[in-house]
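Chains: A, B, C and D, in written order; residue numbering restarts at 1 for each.
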Amino acid sequence: MKPVVHLVVDYVREEERLLRRSLGAWAEVHVVNLREDPVPIGGAVADAAVIRPVSMYRAAYAAGAYEASGSFTVNTSEAIIYSGDKALTYARLAAANIASPATLIASSEEAALRAAEETGYPVVVKPPVGSWGRLVSKARSPEKLAQVARLRSALPCTPQRVMLIQPLLETGGSDIRCIVVAGQLLGCMRRRASRPGEWRSNVALGARVEAHRPSPEEEDAAIRAARAVNGYFVSIDLFETRDGPLVNEVNGVPEFKGFIRATGVNPAEALSKALRESLRR
Amino acid sequence: MKPVVHLVVDYVREEERLLRRSLGAWAEVHVVNLREDPVPIGGAVADAAVIRPVSMYRAAYAAGAYEASGSFTVNTSEAIIYSGDKALTYARLAAANIASPATLIASSEEAALRAAEETGYPVVVKPPVGSWGRLVSKARSPEKLAQVARLRSALPCTPQRVMLIQPLLETGGSDIRCIVVAGQLLGCMRRRASRPGEWRSNVALGARVEAHRPSPEEEDAAIRAARAVNGYFVSIDLFETRDGPLVNEVNGVPEFKGFIRATGVNPAEALSKALRESLRR
Amino acid sequence: MKPVVHLVVDYVREEERLLRRSLGAWAEVHVVNLREDPVPIGGAVADAAVIRPVSMYRAAYAAGAYEASGSFTVNTSEAIIYSGDKALTYARLAAANIASPATLIASSEEAALRAAEETGYPVVVKPPVGSWGRLVSKARSPEKLAQVARLRSALPCTPQRVMLIQPLLETGGSDIRCIVVAGQLLGCMRRRASRPGEWRSNVALGARVEAHRPSPEEEDAAIRAARAVNGYFVSIDLFETRDGPLVNEVNGVPEFKGFIRATGVNPAEALSKALRESLRR
Amino acid sequence: MKPVVHLVVDYVREEERLLRRSLGAWAEVHVVNLREDPVPIGGAVADAAVIRPVSMYRAAYAAGAYEASGSFTVNTSEAIIYSGDKALTYARLAAANIASPATLIASSEEAALRAAEETGYPVVVKPPVGSWGRLVSKARSPEKLAQVARLRSALPCTPQRVMLIQPLLETGGSDIRCIVVAGQLLGCMRRRASRPGEWRSNVALGARVEAHRPSPEEEDAAIRAARAVNGYFVSIDLFETRDGPLVNEVNGVPEFKGFIRATGVNPAEALSKALRESLRR
């Protein structure tokens, strides 16, 4: 009898279609669509659950519900939360002595200004939760930072209102995205910002991608970062600096369309294979 | 030399004043007020941090920041998140086979209606995050549930919009709140809703409190629930049922003013004493 | 030389396509799409502007901008606001002695409970701004009303948080929608709720429609309601009661796809014709 | 028998206490507190209503409710909305040929960037609704403007999300605030920003105030601006430029604590006197 795998989604993207196909080769796959289906906490009967909602909290809750019934859950709620929320990601990275940008947490305009006195200007201001660089700001002076802080304070959700303050790193608008599956590095790609002025290297913002052969330091950073958040299937974003790679972000529900285009490697296949082996044990 | 303890707050309530006094007897206490002070991730120099912000996310982020620098953190970010977010609490309780209300997670009106078909009406609808019962609703029919779901869908933050659907339990408007410190049960109190019509037993809603001598089953449930979220200092809310106690809620930044009034026991003193011993080891 | 008409939109629906076609027969039509185009306050050079954004405030702002440059604006900002915001609509209707549901404005849970003491239960609770009945609730008891009020108080925008409290009218899930153009009644249709349980007769909720021949009282109520908000092109929703028609709603950016289906009359044509004549004067 | 005046508030500030005292000299004053009291649309029995809620929409709704029952209402809902919402204020000013800053309305990042191409940089970005300069931003480049636009797009309420784009005026951090009562200029004061870097001259931000003797052009601008919004009791903020005064803002629920301090003139007394005379006619 085939193992039962629940593929939990809210929107079906290219990634989810690929996962369904790969998993379907050996498992009975049920698609659970959160826009229609409730998820019982602890009552699901699945050997494994692959958690793919775009919304971080929905993903974490679904993961928790499957963990509660003993399903092998990729990723666990812990991995999703500790990678999806940058404040917690940086905390785990720092606790594990993995190099990442110096970061202060500020909950008010005053706290933000004090934080920037420590990092020095210009600063980057990020919300802990949120994707595609949409709410990431840059401030070159206290006046500008105060302006950003006031706008943020009008946002309705705490995880958007809190500010992560970091010194602006000179990255040349380029970073390295790696994918780790079950403790192994699957590969890396380089992302370059779409145009000279743009400093954010998000694919959703038009960044160009190409395969990247990781250095041993990069491989080490990626694998350790995945472990720091207990991630089974995660992407890791690295900045290259004179002192070696910095981990800038980890994602517990990784998008990988651009990764396939750049590297020719299909993470859906790799995850499916690893999961099958994990279930056999 | 005295150990350094950071007391992290956003608002200073009676609880925080008591903690400051108790900790001050043996430690050098610094109050970190998130409305003014930034918190560096990984750079703090405190032997311990006692995390008290009212806002769950602010509390979790502060905890993570102190964990990153190796401070003994009460509670850890994990305990704060897994107790502060009811979806995750129920997941952990179910995973540990601790009795709790049957719960389904619904992300849409349709999912909520399907969930209620499984639990049967009337249902209780709760947001995963939120305090004092403010957004807890009761629905006796699909029409009423749809109405609640539509109002909720207009809320701006995902953790408010997601709905936890549970069957309405007959609790007689009363529950048991216990406090656990470092794995030991400190005591319990009973809370009774303020008036016959009111079914929510929140002290903030005027509930009356009195000391309660826990049964062995209640003690066991409280201690195991604290362990399920890895909580060092947590409150646990229990419902009494024919089949024994159900854990309804766990809180990782517990309020305890009403507890002192009901039991004469001061959790600030108990926490301070336990923390001192933990630091000595 | 043809008159210049700006058709201001944010989303292009069937209605906007029909308007473009009708207006194009005699005018040079420019589509101004607010998702891309800024609107100068007072600098536009259009003989007339037809205002169609789905968002009420965007519509009102665009109307104001065109009024400022002397364009003939359909509808004016005043008509859009006083019809789009139900609190203001009811105020204008009452001031003009046009029958409408008894309504109290409540800004808090306490005020809502007091309001319902005056109307008696069951009550309908509506936000002043909002479409398609999405946030309209019904409450049969103070407990239920308090629950609705608490959910509403968590909404982020004041015009959603304010509650209009009305006695529940027995409408049999049916109402009459009329369209008035330039002071003349264009026609009416009846809308019936999609299913017995459903009491909201919104087409977006699946209501069925059919042509309706208005009584003289209905014609009078519709025309006077349009005048009360100074509307040039508006829809008016009526309830039928023993004591004659009640005006329940006025819309200053009317949808009319269902109206065409029910009546065979095309409001886009009628508006276009009236506007052409108004410009000639 | 004394006339009955309803003083409608949500919070009671110094201004409301002064109004209550002045009105109490000749009227029977009832304080209606929107946090507790519902307001019937059309059923109130007051000779006059003085509308003072801090929240613009609550103020407008209360005004509409009293207008509906024929009370003399200060200000009317029209005056409150057309002065409280800057997009509508600028529209009315432009329609009346009163000099005000060149303004474009933008509903998206793209529209904002196009608007700034027309005004030139630096630009000021304002929300239509909101007080005390809290969400007013300055942008010196397209990159900065895009950043501001992205933050704004995450705000939950349309009147906050829409952007008014204006060229930055060199005002030296100073402006003139005048108060008009019943068509007469009561007086003016000058406000200076609290510190050199600060360009916003809001008293709430610490601006210093002093009496200012208005020029004939300033008097004319203030009186005409009040008339443009049909305001009975309004404050008008002017910028001084080489080409004469520009009207920057009108407020239909004016604060006047700073005005009394600067000028020694009590607007509460002036309003009370004018209202008494209006009621006699």
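For the reader, a short list of remarks on this structure follows.
Basically, contacts are C-beta pairs under 8 Å (C-beta built on N, C-alpha and C of every residue); 3 or more make two chains touch, one makes a residue touch a chain.
Because the structure is predicted, anything quoted here is derived from the model rather than measured.
With steps allowed only between chains in touch, the distance from chain B over to chain D comes to 2.
Centre-to-centre, using mean CA coordinates, chain A is 44 Å away from chain C.
The mean-CA centres of chain A and chain B are about 28 angstrom from one another, to the nearest whole unit. Within chain D, the positions touching two or more other chains are listed as 156. If you check each pair of chains against the touch rule, the ones that pass are A-B, A-D, B-C, C-D. Note for the complex: chain C touches chain B at residues 134-135, 137-138, 143-144, 147-148, 150-152, 154-156, 160, 197. Those residues of chain D that touch chain C in the shared complex are 10, 34-43, 55-58, 60-62, 64-65, 67-70, 77-78, 81, 87-88, 90-95, 102-108, 110-112, 114-115, 118, 128, 156-159, 162, 165.
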